[in-house]
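Two complexes are shown next, each including chain A; its partner changes from chain B in the first to chain C in the second.
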Partner chain A sequence: MIPYTVERRADTGVTNVRLGIWLFLASEVMLFGALFSSYALLRVSAPAWPHGLEVLGVWFGVTHTIVLSLMTALVLRARSAPAGQARTLLAAGSFLAIVFLVTKGVEWRGEIAQGLVPSVNTFFAMYYTLTGLHALHVVCGLVANAWAVLGARRVGDAMTAGRIYSIGLYWALVDLVWLAIFLLFYLT
Partner chain B sequence: MTLARRRSAFGGFLAACWAAASASALACPICFRVEEGPVTDGVRAAVLVLMGVTAGVLAGFGVFIARFVRRAAAGDDVA
Partner chain C sequence: MRIISTDHKVIGLQYLFTSLTFLLLGFALIVLVRWQLAYPAQPIPLIGGLFGESNVVQGVMLPEFYTQLSAMHGTIMVFLAVVPLAVGAFGNYLVPLMIGAPDMAFPRLNALSYWLYLAGGIVMVTGFVLPGGAASSGWTSYPPLADIASAGQTAWLVGMFVLIVSSLLGAINIIVTIMQLRAPGLTMMRLPFFVWAQLVTSFLLLLAFPPLQGAAVLQLMDRLAGTSFFLPSGLVVSGAPLRATGGGSPILWQHLFWFLAHPEVYVLILPAFGIVAEVIANATRKPLWGYRAMVGSALFMGSMSFIVWAHHMFLTGMGPTMSAFFQVTTMIISVPSVIIVSSLLISLYGGSIRFTVPALFALAFLPMFGIGGLTGLPLGLAASDIPLHDTYYVVGHFHYIVAPGTLFALFAGIYYWFPKVTGRMMNPRLGTLHFWGSFIGMNGIFLPMLIEGLAGVNRRLYDGGRTYAFTQPVIHLYSGQWWSTVLLGAAQLFFIVNLVWSLARGKRTAENPWQSTTLEWATTSPPPHENFPTPPRVHRGPYDYSPPGAAIDFLPQHQP
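Right, the complex of A and B next:
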């Protein structure tokens, strides 16, 4: 078993779980940072750039933003809730994440049916790359939620609290990335 | 090898590199800002975004390291 998953390490002052999740989030920020940098390169150098308000369904974007923000709020709330309630909140958050994926799938299906595929222009190439990678993160978050809820009985409340803390931070990052995508692709 | 000798050897190595280097440095036109245009502007914007992200992450690490230094200075349960 990995040590210091529940109690703090004397030298770092934090548990290994907290240290690990912050390092992981730093790597995630660099990953999305590189993609947003590519977006800046393509957008600024493009002779013409479509307006998201005209080519994308802005109401889909608004719906995704509301659903994902609610989901993140539930998971963050779970961090300070008693063990049983925390698992319920996490399960409710997972349901909202599934709603996000379903509505995103409906949106993609409509766009592809209109012929708006990645090969149309660099706008759609970046749009599908970023929203696809983001959706993959939502799927991974769902797996993490299930892991925390289903493994709660086996590992106990203290370790589950650490897992929920980490998952909350992860969802906050996923939500922030979505807000950036919404702003850059749907509103400008 | 003493420290003074190591420094001399390193200085000699740098001098040899300088002597062997080409008289003119070559850079691609975009990096060298010879060609002003949309691609140059795009590269500049991309570099700025990536530098901003990197600076943010490094600042986070800086805060974390400062926290360690404070803990060590205070003698807080440091193993």
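Right, the complex of A and C next:
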């Protein structure tokens, strides 16, 4: 049996999964940090850079931001809720994440229909890369949500609470990355 | 033994055999390269007809195939052979045993990271059967060349993406295991140096690899979605203007790549330091000299390695301020490696050394790494780097670190822990032959490289630079390097035979054949599932050899 899956280790003060998720988030920060740095470098060296307010649908951006932040709030709320309620909150959050993916898909379709594809300029190249990678993170988050809800019966409440704690942190990062994208692409 | 297992020992062995296979493949590729350099335009003997008309015509290698071979040799050796061997195999098998844990913290994640590694490796190597062949833009995949290369480059990028996910999961697993699953009494400063080295290495894997993953995504977008992240405006390819929006920056790739690839150097060398430290402490029957300084150096080296990367880029036209910064950090980071190597060297002083096969490899590591490290200093200073850049001097320098350096440490580790894994010894006579053959062979290949590089021979020339007048004084060295390659290859046969034969027929050993102090020897060999019949408790530091007044010359960590 592997120790400290549920109870904390006295000298480190954390469970295995709690340490694991923070390490994972650190690597995610490095991934997006590298991409946002690339954005900065390419933008400052570009002769012209389109205004996001003019080429992107700002109301799409606002909708995504509201939906995803609401979603994150629900998942963060689930961390302190009783077991049964936590799973309901997670399911509700997953629904919002799906709404996000659908509206994002509608937005992409509209842009592609207007001929605004990644090869148009560096602005759109970066936009599609970052929003695409972000959407991939939303999909992975949905898989994690389903894993926590469906596995709850098998591993018990204590373990599930640990998983929901970690998933909440992950969604908070996904939301933060979105806020950065919203700021850097839609509002400037 | 199940194929899909979550036992860290099975996964460690899967990593071992997969990475040894890739190691052999990487070596096979470079044998062809060395033939080409020694005897250009002469048919490859015996096997020249096996590579297809698009690669080898009437036994003679084409330049396109040469670039694939050298690019894939580097990629395979670094990403598919040495790192998985050092971290995947040794880390997985030994870390839980050395800290007295039943398994890794996340066993299923561990299995996933092995299978992702295998998948990523296979995707990369399948490049050879794609039209246009495998990736051919060097192991660094510099754009714009890599952006416009054939489909093999896409396989390289996809494979790299998958490999980084794999090493990321592995790194999280090792860090959590070390922090959380240490046996009672095993405080951080009682950890064997090997475990410290794995801990720092895992932090590098965790934090340095994601930027390359991001860069791989950007390059994939360039290749598949027509973006221009790394393509500057106004490129002309084969006489026609390239249809791309332009405005990108090839230098951006270099920054992202070397931000990974410099810490990567320490990923290659730290586990080697760890293995050598264990073997030397055991062979000298003395506590390691300067254990605390070594741990501090490993931590300092790990953190410094994030701010030295641009010393690979002195030729990109960075200003003197930038280059001064990176020269200073580069000189500073040489200090901790010197502290570690000096501590190991001083540890030898006054010991009655047991010259076992693992000890031979570990002892040879010290001067070989010394040559590798010292030849690196001129490359860390812009003034001397500019003429040496992209010559064989650079190739000689990093091969001294990775081949008779890291690989020797890894061989030492295989000979040292083989009895742990199998309960049998490897044959010492074959092991000694393997050692001397490898030692002479490797020096016979890499020492001439330094000379060629100082003469100014560029490292990427398909004919070894025969058309230039200034290369003429060193051209004759290539044939000596070819015969050293043959010797090196022959020496590896002793290793392969020894490994296979000892698995079945090796001499059975006692529980603790090297009379070692660390926890992995506190259980049976091979260890059972969940490792320790009763969880061990730790009472002392890792290297209590020759304690004054004791009847035996070692006190195991678990002994009260």
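Simple rule for what comes next: the second predicted complex is superposed on the first by the 186 of 188 C-alpha atoms of A that agree within 3 Å, B and C clash if a C-alpha of one lies under 4 Å from a C-alpha of the other, contacts with A are read in each partner's own complex, and residues count from 1 in each chain.
Note that contacts are C-beta pairs under 8 Å (C-beta built on N, C-alpha and C of every residue); 3 or more make two chains touch, one makes a residue touch a chain.
This is a predicted model, so every value here is computed, not measured.
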item: Which of chain B and chain C A:A81 touches, first, second, both or neither; value: neither
item: Which superposed partner A:S38 touches (first chain B, second chain C, both, neither); value: both
item: Greater residue coverage of chain A in the superposed arrangement, chain B or chain C; value: C
item: Touched partner set for A:A180, first chain B, second chain C, both or neither; value: neither
item: Touched partner set for A:L133, first chain B, second chain C, both or neither; value: second
item: Which superposed partner A:L70 touches (first chain B, second chain C, both, neither); value: neither
item: Chain B versus chain C as contact partner of A:V55, first or second or both or neither; value: neither
item: Partner chain(s) touched by A:A172 [first = chain B, second = chain C, both, neither]; value: neither
item: Chain B versus chain C as contact partner of A:A10, first or second or both or neither; value: first
item: Those residues of chain A which chain B touches in one complex and chain C touches in the other; value: 9, 12, 26, 30, 33-34, 38, 41-42, 45-47
item: Parts of chain A lying in touch with chain B, wherever the complex brings them together; value: 9-13, 22, 26, 29-30, 33-34, 36-47
item: Complex interface listing, chain C residues touching chain A; value: 101-103, 105-107, 168, 171-173, 175-176, 179-181, 206-211, 213-215, 217-218, 221, 225-229, 244-245, 247-249, 252, 255-256, 259, 530
item: In the complex with chain C, residue positions of chain A that touch it; value: 1-4, 9, 12, 14-16, 19-20, 23-24, 26-28, 30-35, 38, 41-42, 45-47, 117-122, 125-126, 128-129, 133
item: Of chain B, residues touching chain A in the complex; value: 38-39, 41-50, 53-54, 56-57, 60-61, 64, 67-68, 71, 76-79
